[in-house]
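Consider the two complexes below, in which chain A is the common component and chain B and chain C are the respective partners.
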Partner chain A sequence: MEKILMSLGLDLISAKVLAMIIVCIVVLLIFVTIGGVLTVVERRISGFMQSRLGPNRVGPQGSLQWLADGIKLIFKEDLIPTGSDRFLFRIAPYFCLLGVFGTMVVFPWGTDVIVADLNIGLFYFISITSLVVIGVLMAGWSSNNKWALLGGMRSAAQIVSYEIPVGMSLLVPILITGTLSMGGIVASQGWLPWDWMIFQSPFTLMSFVIFFIGSLAEANRTPFDLPEAESELVSGYCTEYTGFRYAVFFLSEWANLFVLGGLTTAVYLGGGNLPGILEGWSWLSVLVFLGKVSLVIFVLIWLRWTLPRFRIDQLMDLSWKYLLPAALIAFFGQALYMIATNGYPLLQSIIAGVMFLLFLFMMVKFFIRVKVNLFEMNTPVNSRATDVS
Partner chain B sequence: MSAYFENITNGFKSIFEGMSITFAAMFSRTETVQYPEVDITSNESIRKDCKGKTYKGTLMGMPDNYRGILNVDLSKCTACGLCMKACPIECIIINSVKCDKDKLADADGNPINNRFTQKGAIKTRTSTRFDINAGKCMYCGLCVMACPTEAIVHTKRFEMNTENLNDLVLRFVSDEQKEKAEKKANELEAEAAAKKAAKAAKEETSKDEGA
Partner chain C sequence: MSSAIKTEYLTINMGPQHPSTHGVIRFILQTDGEIIYECDPDVGYLHRGIEKIAEGISWQSFVPYTDRVDYVCAMNSNLAYCMAVEKLMGLEIPKRAEYIRVIVSELNRISSHAVAVGASQMDMGAFTPFVHFLREREHINDLFEMVCGARLTHNYICIGGVNADLPPGFIEKTVEFLDHFEPVAEQINRLITYNQIFINRFANVGVISPEKALNYNLVGPNLRGSGLKFDLRKDRPYSIYPELDFDVPIGTGSHGQVGDCYDRYMVRILEIVESTKMIRQCLKMLPDGDIKAVVKSSIKPPKGHIYFRTETPRGDTGYFINSDGKTSPQRLKIRTGSFTAMAIIPEIIKGSFIADLVALIGSLDIVAPELDR
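Now for the complex of A and B:
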């Protein structure tokens, strides 16, 4: 890229800067597209889960709905309420977006497709996503609106509480791999399911569950969507936002879904690892990675449309009384486990295999239950005649 | 302490069950009827929308007891006015005149019974005006219950958009029918008057004779 720009007659520094800007814009466009498409995907899936159709009018099967929504929001009037802190009100959405977009630096798209494999990648990841809470708090405070303020406060309390179990649970994979770099963590896992971090020992599975719950809470998604609880706080911190700024908030929320999926996949589900013979096929590893990410995103959406919202005290109970002790147990348990099985690689792989088999058994049980429910659901509702005389 | 672990197991169990239900719902039938594109008043056409696709949901058109816009079968109506009296908001208006006596029968020739007396219904009057204001009507169904011959019924229709409020008044008797009925009634009245006059004249003559 730089060479092409330099051949056009630019000097080294301006070529580098220009190249950076171009890469940034390209990544931002990809990022925005993912965020937009995910809104449609979520609405369609939620529709099917509620026996509805969801948006299906714009484009084939409603696939262009996100463009219509975006265009509509951009053309709306940008209102700033009187009495609000105008400066903070204006920049708050971009903090949210920046917090999510910043993770693209260490996002492991494939085994060797990564913008910068920082040696503190994971640490950077959980740090930069904390910017979101600042944006939310700013939006809540500057709106001069009680609902927005309550939403912002709740969000701050929630994200700060859940950062701790999430950070603690992420120590378990770090303990195993001994590195903080995303590339290193991905490379330490294999392509087979029982080589993945999640099935390494009972404690990694535990840490996965804690991480998953905690990251759900950090993304403000439904069992933990107290910051914008529609039934209580109108729309939480984005009550006063309209038009483009509102769109930015929502974009960052859905892009965060993708980022979460990516982090979960990279740390626990083996990233974009390929079998030995296919080594070096980066595009295939990107596809594998995206496939796993979409599976995780599906589970996230699925959870959102299954579980009702927590109360604030239940939320805090879950974080401090359940997740934090569990994270500590997982951390120390994994340390002891590593000492105990040190030098017995066969034992370790047997345990990993047993864990995987247990997981398969649970899946089979799950699908049997699904079949039972499906049979009950397909009994026609008004096939029976009701008589009113 | 045991309550603590019970909470955890309960949490996982309920999530397991809840997620199996939502996952099953993803593959169950979609209930959405894409309304303007399908005629949802009939069970047959709801199965196919305008694009020829088949609807697979479990809803089967309007239920049989659906209370839609009222309809009157004038061939069964005896113009008794019970529906007009039953209506709590007076959206039914009936004017009636005398007509030829007629035993009511349905299309197959079976006599129609009065629901309350269980005897064959006899038509002695015919309506010259039968208006139902669908804009006022609240679809309570009291008129349907009051009707002795089941002439007034709820249909499964519910769409009645107009640009003019007056279009919401359903007129079941046309002007021609009204004129015809009035003419017939006048004839009958004249006949009856003539009979009466003849009878009176006869009585008078008999009186005269007797005197």
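Now for the complex of A and C:
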């Protein structure tokens, strides 16, 4: 990029700055698009689950609904409530945006498609997403609204509590790979399912479950959507927000969904790894990565439209009483496991295979359990009783 | 432990516009963070003076107003008023009309309980089961549309019988609906009722002991949720209910204490099943004959007063009517279940979370228009 700009007659420094700005804009546009499209996807999926259609008017199958929504939100009146802390109220949404978009730096799109493969990538990832909580807290505090305040406080308590088990559970993959770099973690896994981090040992599976639950809580997704619990806190921390600032909150929330899917995929589900013969086809690895991310996102959406939400004390109980000890057990268990199986690669691969089979078995059991809902329910009843003469 | 930091309670105004108050109810909460120390319900936002309106209009003209007393179960409200007036007049109702009345009011009970149960699920954050229940309710509304042309406020039951006979094909459509609904209700139960998070939110929350339930005059499913087996359809039988075979489900404390939110919720779920049974029996026994007794267009019930109670989805709805022999009631008073249910909330909710208040409102099934009339 810099070279192209320099060939146009710019000096080195301005070319670098310009290149950075261009990259930033491109990244922003990609994320905005992803966040927007995910809102439509979520609404369509929830429509499917609730036997209704969802948005299907703007564009083919409603695929441009997000643009219409965005335009509508931008043209709305921008209200700042009286008595609010105007400065904090204005900047709060951008902290949320920054926390989510900052992850783009180390986002492993494919095996070698990454903006900057920092050697502390995963650490950076966890730290920068914590900025979201500051934005939420600021929004809640500055709104001069008690519901928003409660939402902000809930959010702060929740995200801080769940950071700990999530961080602890992420120590398990770090223990195995010995690196914090996202590229390194992805590269240490293979393309076959039993080479993925999740199936390496019983403890990695355990840490995956803890990580998944914790990350749901960090992203404020149901069953942990207390900060904006609609039926309790009206709309939580964004009660007073309108127009563009609300759009920013909205966008960062859905972009966060993608970030979560990406992190899960990169750390536990083998990232964009390809079979050896396809080495170097980076666009294919991006597709593989995006495919896995979509699957994780679908599960996240599925959970959201299925489960009710926790109460605040139950949420805290879950984090401190169950997830944190479990994460500690997983960490020490993995350390012991690595010492015990050190030097027996065959044993390790057998265990990985067994874990994979166990997972498949669980999936089969699950589908047998829900089979009745899939096949045996005949939903359509009498068509609308319009034959009233 | 006394702390040096001075703290004060947070006064929160929950309502009149709030997503979980189902209409316009207002609570003034004194909270310490999320814990409620004082709850002051403020009623009257939906007061339309329906009782006073009755004094100025003729007896039959008041029937559409009863639709609006509780629009979630308009048929049951119609029935309550019409039966009270008929008792006052000493009117005999044709058998077929009685059966049709019970069929439609039990159908309406299903739809009302579906809304109650679905709304409480939605308050717990589960939106999907609520939508599924509403979809089932649409089928019932379709059936009502067949019967009387209206979907929500029916004005179908009238003094002396019902306004129109069942249309051809109604019985088959109803049976078809019931055949469809019973498995779907169980499917929705599998989705939400047995969900552990849902049970955690509802069990041991808002426990109302049987004594308290009696002291605060709770009625209907709320009373039965506290473990007291009292149902007007069984204990003060009216219409054709004595001929029907049905159970009265009560709260058993299946996942917590007797009288918690889950018990009240479960009683409604089980009552839906009982209502489907009743409708099936009624459809089998439905006799031929007239649908309306001969009633003059301008009725003048004799002097005197009556208090008549029926079991509506929100419990015991009583109509007190004082007649002075004129063309309109001298005084009409409606006693509704939501009002007493509202009165018990401040007593129960002290010391629990804001989220529990939402659960309690949902499980008590408070409907604002019925509360304020």
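Descriptive notes on the structure:
Note that the second predicted complex is superposed on the first by the 376 of 389 C-alpha atoms of A that agree within 3 Å, B and C clash if a C-alpha of one lies under 4 Å from a C-alpha of the other, contacts with A are read in each partner's own complex, and residues count from 1 in each chain.
The criterion applied here is as follows: a contact is a pair of C-beta atoms (placed from the backbone, for glycine too) under 8 Å apart; a residue touches a chain by one contact, two chains touch by 3 or more.
Remember, it's a predicted structure, so these values are computed and weren't measured experimentally.
Touch criterion met: A:L150 reaches chain C, while chain B stays clear of it. In the superposition on chain A, contact of A:K16 is made with neither chain B nor chain C.
More residues of chain A are in touch with C than with the other of chain B and chain C.
Within the superposed three-chain model, A:Q314 lies in touch with chain C and out of touch with chain B [touch as defined at top]. By the touch criterion stated above, A:W305 is placed in contact with chain B and with chain C alike.
When both complexes are overlaid on chain A, the residue A:R90 reaches neither chain B nor chain C.
In the superposed pair of complexes, A:F48 makes contact with chain B only, with no contact to chain C. Once the two complexes are laid over each other on the shared chain, residue contacts for A:F366 go to chain B alone; chain C is not touched. Of the two partner chains placed around the shared chain by superposition, neither chain B nor chain C is touched by A:K76. In the superposition on chain A, the residues of chain A touched by chain B in one structure and by chain C in the other are 49-52, 305-307, 373, 377-379, 381-382, 385, 387-388.
Against chain A, the residues of chain B that register as touching in their complex are 4, 7-8, 15-32, 34, 57-60, 63-65. In the complex of the two chains, the chain C residues touching chain A come out as 10, 12-13, 18-20, 33-34, 121-128, 131-132, 135, 139, 142-143, 145-146, 149, 167, 169, 173, 176-177, 180-181, 183-184, 187, 190-192, 195, 197-198, 200-201, 353-356, 358. The touching residues of chain A, counted against chain B in their complex, run 45, 48-53, 302-303, 305-307, 321-322, 366, 369-371, 373-374, 377-383, 385-388. Contacts from chain A toward chain C in the complex involve residues 46, 49-52, 146-147, 150, 153-154, 222-223, 225, 229-234, 305-314, 373, 377-379, 381-382, 384-385, 387-389.
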